[in-house]
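Per-chain residue numbering starts at 1, and chain names A, B, C and D are given in the order in which the chains are listed.
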Amino acid sequence: ETVAAPYIQGLADDALVYAQRLGEWISRAPQIEEDMALANVGLDLLGQARVLLTRVGELDGTGRTEDDLAYFRDEREFRNVHLVEQERAGFGFEMARLLTFASYQCELYAALRRSSDPVLAGVAEKALKEVTYHRDHATQWVLRLGDGTEESHRRMQEGLEAVAPYVAELFDDDETARAAAEAGVGVLPSTLRDAALGHVTAVVEEATLTEPGAPRWRSRGGRAGIHSRPMGYLLAEMQHIARSHPGASW
Amino acid sequence: AAESGLFDDLIEADQRIEPRDEMPEAYRQTLIRQIAQHAHSEIIGMQPEGNWITRAPSLRRKAILMAKVQDEAGHGLYLYSAAETLGVDRAELLDRLHSGKQKYSSIFNYPTLTWADCGAIGWLVDGAAIMNQVPLCRCSYGPYARAMIRVCKEESFHQRQGFEILWTLMRGTEEQQEMAQDAANRWWWPSLMMFGPPDTGEAAQGGHTEQSMAWGIKRFSNDDLRQKFVDMMVPQAEKLGLVLPDPELRWNEERGHYDFGPIDWDEFWRVLKGDGPCNAERLTHRRAAHEEGAWVREAATAYAAKQAARERRGSAA
Amino acid sequence: ETVAAPYIQGLADDALVYAQRLGEWISRAPQIEEDMALANVGLDLLGQARVLLTRVGELDGTGRTEDDLAYFRDEREFRNVHLVEQERAGFGFEMARLLTFASYQCELYAALRRSSDPVLAGVAEKALKEVTYHRDHATQWVLRLGDGTEESHRRMQEGLEAVAPYVAELFDDDETARAAAEAGVGVLPSTLRDAALGHVTAVVEEATLTEPGAPRWRSRGGRAGIHSRPMGYLLAEMQHIARSHPGASW
Amino acid sequence: AAESGLFDDLIEADQRIEPRDEMPEAYRQTLIRQIAQHAHSEIIGMQPEGNWITRAPSLRRKAILMAKVQDEAGHGLYLYSAAETLGVDRAELLDRLHSGKQKYSSIFNYPTLTWADCGAIGWLVDGAAIMNQVPLCRCSYGPYARAMIRVCKEESFHQRQGFEILWTLMRGTEEQQEMAQDAANRWWWPSLMMFGPPDTGEAAQGGHTEQSMAWGIKRFSNDDLRQKFVDMMVPQAEKLGLVLPDPELRWNEERGHYDFGPIDWDEFWRVLKGDGPCNAERLTHRRAAHEEGAWVREAATAYAAKQAARERRGSAA
């Protein structure tokens, strides 16, 4: 089962960290309906993260709880991609990020319904509905913003450009993913790429936007615990209270 | 012509007034002001707890808190919709909030300093809100009454969650207990102020209470509600093991109520007038979100117009 | 000595928290000379904070070190004024804050040279030179910005307005200050007001700026551990690593 | 007319060229490029460690770190001044940095992931910098040589501080030891790349090395400096108790040097071309600071002009 734990941890950390970023939007969205929608997406992701982290603690033999894993791991032990840890920026950036991430998660969970790990397969089954909604939500906004006003078109395009360097990492195959795929627990990220990005491309075109060219640089290493500058600050904020009271219950 | 009589008949019979019914302009304006202020309070009320979403000390609590703040946004939406049935629109009401022309509950001008404040807000602030709101479920204006039924159901859920946060803290480490007690110390008096200034006895001076009561908008005086709240909370505080910060608080056998000490109304008026710890911060935060989101709302409007035009062209073809 | 410890803690926390904020400027200043200058001010304040915190730990009988006090106290135990905890904003805001705070500290330390606490008197003697330099530095910038371009005039004026609500709190007398003044350890903040604000007013006028009118609200309660929103996040960032390794040496 | 001969004579005699001396345009341009790149590296180099100022785990370390980053700013200033003696100005050089026309050391495109990275940067990166810079104290161009003397003195202080951070961690908790080892693992190879690509043997191809050596700007080949660095660091690593992440690292009795494994030059070129973990971030951060500060610099210029005019008027009166 040692191949399953680190693989699932990557998925769990993606969901947890993105939920954390979405939590920052609440009370800051462009309209109240959107405060609710982003809270909803965040809650779904947090729910996924909680079940997956609990599963990691069972599988890796440490018996750690979801909270042990969320609050008492250091930056180098987090396995999420860089996309989700980037600072909250404008709404255009957020919708570009959500469209990309949800499109990835749709393909991911669709495939993982056949995981040999029953918990992961169960999460995938339930989460697929959630992330399909997330993808639709982001799709609607990208269409509105791309094909809305001149300003919104420009800002949405900037959002796409800003997200572009973080896309490739979602589909990187690493040792962990290979082993998990081999064992039937996971799926090779590279196999999700065409379908996921196909959806993104279709939306971008319908929205009268332009797909960003190949970025000058691309993020790497999140799955190996190599993170970008915002991650340490995110963890400081997320973990500070829990770490200030070791052993306490809440 | 007989319709202005209808309004009085409906009120008399304790029936609901509905949006299409004739109603006195003063009734309409009173309701708009009250419902809007209530909606604004829900929206501004997202901030003090929203402040803790990223720092909640367990994932379970984080999820509960996110859902709670989301509920507050939902309450704001129901209430703005209820106000809209009276012929104003949400954008206009938000402008009045942002320009300071309409108020929100002063309780949200206090800061949330520790995690325990999320418990105290749920327990005390939502508790006081429910006490204020339950009678509004029988308000004479139908849409408001129906919105309040929905809101109250969720609020009582939030109140239990707040109680549970404090309950857990009071059974935790010494530091956690101190945190809970400190939160209770800071939130107790402001929550008593939530019922508004005295509106009975000598202190009451020409407020809206009498008219609102006659119209079936208000059912109890501020002081009655405050007393009910104190009577409800004291036993809960005992159960929690919290000491409420009022040396004069004691059971009065004769009155069948708890006596409590004098409220610092100077503080109340000061905060109401804008000099509270967080007035400026809350409005600045809210305005910033609104202004930063303007281009998004404009885009949505423009897109909807384009879509409608496309559909017209489509059906014409 | 119990009157001295909480009084000195307030002074120490002001210096510590402002040093923390100034640390955020380094690599973000308008020119390299200013990166150095703000680092310098921050270093001076940090130095003051370290000696004063160490003194607090000696006087309050707990034997806590400077690091115990900086890293292992919670928000409610910090006694700094709200002015210093506000988030880093524009350079105009920072110069308005520095002018105000340094003007206050100049009068404070001038008076505290006669403190009955020998450590505090020693810090005051040394720090007076430092904060006089800080005040001069801020003065020069307020003059340049106020009497520079139209844009800089406007921004500097905005900075003054943004700082205005936090000024009164510096000069609030509380029980702690009264007891410390009584005991000859401290000085009543209210007695520093005229001289400190006199300097600010003179600079504002020379800079062709306008003194902000009475603010609609004013900060309160920092000395009683009632802080504003940014404080919790500041502490999370400052304390996270130290709290992640309780008992470790660095 | 004889002066172009003077330049060669001075170089021949290993004397210093000073700003007013005639010099070949290629010499001037080579120096401008090298000094500017060096200055840029100091300025960009403030970021990776600056990132830890607010989070340093003790106040003593926080103070040392703030002072160190401040020193880097100071080094940047000396170096820009040295470059200015060659007839360019700082604003122009900064523009070249911001537009990507001039580079800075690729080492600063790696992230600082833990506190131990502050130690590893001091120990390895400053160590490599010193190895590169000590020979520059004898550079043929006087202002550069003098700036380097000052810089090197401070850098060696920083290197000791970095060593001391790691030393403390390696004598600390198990987690601290792991943190230090992890930092060494990540910074070792990039620090070897700081000496640049091989410029001797078959691998060297038409670089500037030969000309720079002839001009007395460069004194040792990249490979020689790299070997000296390895030879110096291996015993220090042993003293620290760190395992350097190179299985091929071993003493070669015959050569009298440590052998070490192959360097991943693909990574070097990739990062140099802009695809490193932090290239975009470093430049974005730097540009943002510059752009946000534009109004301040403009104000300073305008004020200085007004003051000068006032003084002229004053002295004319």
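Definition applied: contacts are C-beta pairs under 8 Å (C-beta built on N, C-alpha and C of every residue); 3 or more make two chains touch, one makes a residue touch a chain.
Keep in mind that this is a model prediction, so the values were computed, not measured.
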B-C compared against C-D, more contacting pairs: C-D
Distance between the centres, which are taken as Cα means, of chain B and chain A, whole angstrom: 35
Junction residues of chain A, two or more chains touched: 74, 236-237, 240-241
Touching two or more other chains - residue numbers and ranges from chain B: 55, 175
Chain contact graph, described as a line, ring, star, complete graph or other shape: other
Contact footprint of chain A on chain D as seen in their complex: 51, 55, 111, 113-114, 175, 182, 186, 274-281
Chain A partner contacts - residues on chain B that touch it in the complex: 43, 46-47, 50, 53-63, 66-67, 69-70, 73-74, 76-77, 80, 115, 165, 168-169, 172-173, 175-176, 285-286, 288-289, 292-304, 306
For the chain C and chain A complex, residues of the former touching the latter: 74, 233, 235-237, 239-241, 243-244, 246
Footprint of chain D on chain A - complex, ascending: 74-76, 165, 216-221, 225-229, 232, 236
Complex contacts: residues of chain A adjacent to chain B: 16, 20, 23-24, 26-36, 39-40, 42-43, 46-47, 49-50, 53, 66-67, 70-71, 90-91, 143-145, 147-149, 151-152, 155, 237-238, 240-242, 245, 247-250
